[in-house]
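First chain A sits with chain B, and in the next complex the same chain sits with chain C.
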Partner chain A sequence: MDTVADWFKWLYAAHGINLTIFYDPLDGNRFLRGIGTTLGLSAICIALSMVIGIVGAWVQGARSALLRRLVQGYIQFFRNTPPLIQLYFFYFAVGSLLPRVTDMHGAQVPPVSNITWAIISFSFFAGAFNVEIFRAGIEAVPRATIEAAEALGYSRLKAYIHVVLPLAFRVSLPALNNNLVNLVKTTTLSYAIGVPELLYAAAQIWSEVLNVREMMNVLLISYVAIVGALVLVMNRWERAMRMPGYGV
Partner chain B sequence: MLKSLLGVGLAALAATALATGASAQTLDKIKQRGTIVVGIKNDYKPWGFLDPAGKIVGMEIDLAEDVAKRLNVKLDMVPVVASNRMEFLQQGRIDLIIATLGDTAPRRQVIGMVEPNYYAGGTNVLAPKSANLKQWTQLKDRKVCAIQGAYYNRRVTQLYGADLVAFTGIPEALNALQQGNCIAFVFDNTLIDSTLAGGDAKWASYEMPLVTEDEQAWAIAVPLPELNGAYGEFMKKVSIDWHKAGLIVSLEKKWGIKPSPYVQDMHQKHKAM
Partner chain C sequence: MAWTPDQPIIRIADVHKSFGPIEVLKGVTFDVRKGEVICVIGPSGSGKSTLLRCVNALVPIERGSILVEGQEVNDPKLDKLALRRKVGMVFQQYNLFPHKTALQNVMMAPIHVLKQDRNEVEARAIALLRKVRLAEKAAAYPGELSGGQQQRVAIARSLAMNPDVMLFDEVTAALDPETVKEVLVAIRELAAEGMTCMIVTHEMGFARELAHHIYFTDRGVIVEHGPPTDFFACPRDPRTKEFLSQIL
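Presenting the complex of A and B:
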């Protein structure tokens, strides 16, 4: 471990490339915590946004006009406003209206922390797109297939779970892929409310150590790696779920 | 695929590390275009802030205007924040920083700090009286609001283990403090002083409870290659002149800033010279 640290110290001394994250424990920890936060934030938001998408797409086909309109309103609200403004809205506007709670130090604090607001905001943001993505998949399922399921005695919910969704999901995957990649990149916005994710950690480091160029490169490579890993997993999944003779 | 990506990354890293500083003729450039571009703050009352009419005013704006007057050029102000001002100067987007810039050793490697320093401030926190803070050590593991890129962030993290929540701008940080998102706001004691002295009702239940620490000089900054050139020398003379004439002492009075002992000292010293 020390040899790695020494090599990066040498790199700075000899070539002026200052990568403190490899030899300064404070910066190293901050950077690791940043990667951890970004990965955690992304994973939770991906899971929640997919749940929102699946449920939302089902409700869109509901018999109740009120429910359908509610989902439509939700989609319009979250799709037509920038995610950074949503984040600010939740953190600064909604957050100030909530009642205070007492924390373990006895101080009056808001009940929802900045990272929780980021999860809520990004999940709903990506969820709105996911609803539309799954709807496109559902509409691609032939009417005759659904009628066949109904003829076999499936209820609307059971047909959705066992017949429509598995087929729709396969059609939706490429578009879903795009949206989830976008979601991972959107998590960088949470640095605006002080969530210590990767961009925040890098910005803290470069404004203190003044190695802006080095950290910009580190950031770029980190995100290429994170998004690359996600795309790899999604592509594998797409291939594993391929049904010969169906669709593409 | 991975290998080629890594190659591109390393090449970019090497290329940027070799990039050289700005060309060394800022003074000529300023005179030629008839304007000096100064990086200032617009959210740092009363050093640089927006008045009700939307105009940028403040003590440092007055200083910037003084520099422009001495050069007999027009003043062009570019609002900057702590995390971008040094890059702006390095890239030549601005000619001069007068933006509450703390003069630290790492920063001296990157930009030219003009001496003598024109101002000095220390670190303290703004906290609600109900937080009952007495010592810096009480900040351990507590959420403390901060500004991204401020020089004292590192020290407060390392020394006291505070869990900093840093925002890009002062309004966001103050808002988060008022909402209780953090227990205190770590900042320059000078700004906290003037915030509290401003008599705004929303700060009535707030205080500056700790002992001011880590007194740090502020500097105006020029591109590093020119610190000892004509431009740097000119700015040094300007700074000496400010202290000699007592300009900063009178500006403190004008903007209602508590007299800083550092500025008083410098005024006495240079007046005698």
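Presenting the complex of A and C:
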């Protein structure tokens, strides 16, 4: 462990490349917590945005025109506005409307933390795209296949769960893949409301240590690794869901 | 009045059905008795598929009555599940679930819809696949099967629900001549076991051999019907004569 730290100290002394995160425990911890926050934020937003996508796509097939129009409005709103403004909107506009609550130390604090607003904002942002992505997948499921399920006694919900969704998922995966990659990258915006994710941690470090160039490289490499891991998992999933003989 | 097996299992009375301005069924009336095999023949677009689809409530009818084991299909309070347990349907395009193996295709509905025990269903599904001579293809996906094999899986899938009546809608129309036979063999065996069958077909030889009664439809009405020997030997209506002369 120490040898790693020593090597990076030497690297700084000999070449002027200052990667404090590898030898300064404080910066190291900040950085790790930043990665942890980014991963956690991404994972929660991915899960929630997929739930929103599935439910939204289901509602878009509903009989109620009002429900359908509500979902359509939601999609338009989140797809046609910049995610940073959405985040500000939730954090500053909606957040300030909520009454303050007293925390365990007796202080007056907002009832919803900044990270929660980030989760809400990004989940709805990516969810809007997921609704469209899943809907396209659902529309690609042949009417005749659904009819076959109906003829076997499946209700609309059961056919949706056991036939339509599994098939729609397969069609949707490439587009979903793109959107989730985008979502992970979008989490950096939460820097703007002070969520201590990866970019925030890096900025904290470089503003103290003045190693902007080094931390920029670290940031880029970190995101390549995180997004690469996500793509790997998605590709695995895609392969596992492959339908032999269909090439999908 | 409760239905008893000595009454017709299906009673179709004065059924009318339109799609928009086009009246597809213009008052169709006939009965099917238990254990009877009836064949419906007629030119393309005469409403044969529509008639079958009305029987298991895949399309609603506007006027008339369809009783299946005494249960009115044209009833807003119809229990569709109860109806579809009694009525199995096999389609021209097989419509298997492409993301499931042949065995899973057969097992799905009894497990999802009837909530039957998985082990018991699996044993029955294997027996059904053996019956349609596909035991060795249990683990194959639909995309890996020939048309004739897929159609036999579709028959097994339908039989897994233990229906009292089977509807076949031009089940060999999409197959090449060699594979037509293997599907017809499966249906012939089913008929020999006493299954009530409503068969829409263009296979006149098959209809002549298997049917107890033949119905000829044209433009939404039944033009002529009778036992196959009479029907083919001395058709009375000029439209029947013309149709038979074209097809034989």
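Observations on the model:
Rule of thumb we're sticking to: the second predicted complex is superposed on the first by the 247 of 248 C-alpha atoms of A that agree within 3 Å, B and C clash if a C-alpha of one lies under 4 Å from a C-alpha of the other, contacts with A are read in each partner's own complex, and residues count from 1 in each chain.
Going forward, a residue touches a chain if its C-beta (ideal position, glycine included) is under 8 Å from a C-beta of that chain, and two chains touch if they have at least 3 such contacts.
Just so it is clear, the model here is predicted, and its values are computed rather than measured.
Once the complexes are laid over each other on chain A, chain B and chain C both fit without any clash. Look at A:R170: by the touch rule set out above, it reaches chain C but stays clear of chain B.
Looking at the shared chain after the overlay, A:S207 reaches chain B, while chain C stays out of its contact range.
Residue contacts after overlaying the shared chain place A:G194 against chain B, while chain C stays out of touching range. In the superposition on chain A, the chain among chain B and chain C reaching more residues of chain A is B. When the two structures are aligned on the shared chain, A:A151 is found in touch with chain C, with no touch to chain B. Of the two partner chains, chain B is the only one that A:A107 touches; chain C does not reach it.
Contacts of A:L70 after superposition: neither chain B nor chain C is touched.
Judged by the touch definition given at the top, the superposed model places A:G95 against chain B, while chain C stays out of reach. Superposition on chain A leaves chain B and chain C with their closest Cα atoms 33 Å from each other.
Common to the chain B and chain C contact sets on chain A is no residue at all. For chain A in complex with chain C, the residues that touch the partner chain are 142, 144-145, 147-155, 158, 162-163, 166-167, 170, 241, 243-246.
Touching chain A in their complex are the following residues of chain C: 56, 58, 80-81, 84-85, 88-89, 91, 93, 95-99, 108-109, 112-114, 140-145, 154, 157-158, 161. Residues of chain A that touch chain B in their complex: 15-17, 26, 92, 95-96, 100, 105, 107-110, 113-114, 192-194, 200, 203-204, 206-210, 212-214, 216-217, 220-221, 224. Residue ranges of chain B in contact with chain A, taken from their complex: 5-6, 9, 12-14, 16-17, 19, 82-83, 86-87, 106-107, 109-110, 130-131, 142, 145, 148-149, 151, 153-154, 157-158, 164-168, 172, 175-176, 179-181, 183.
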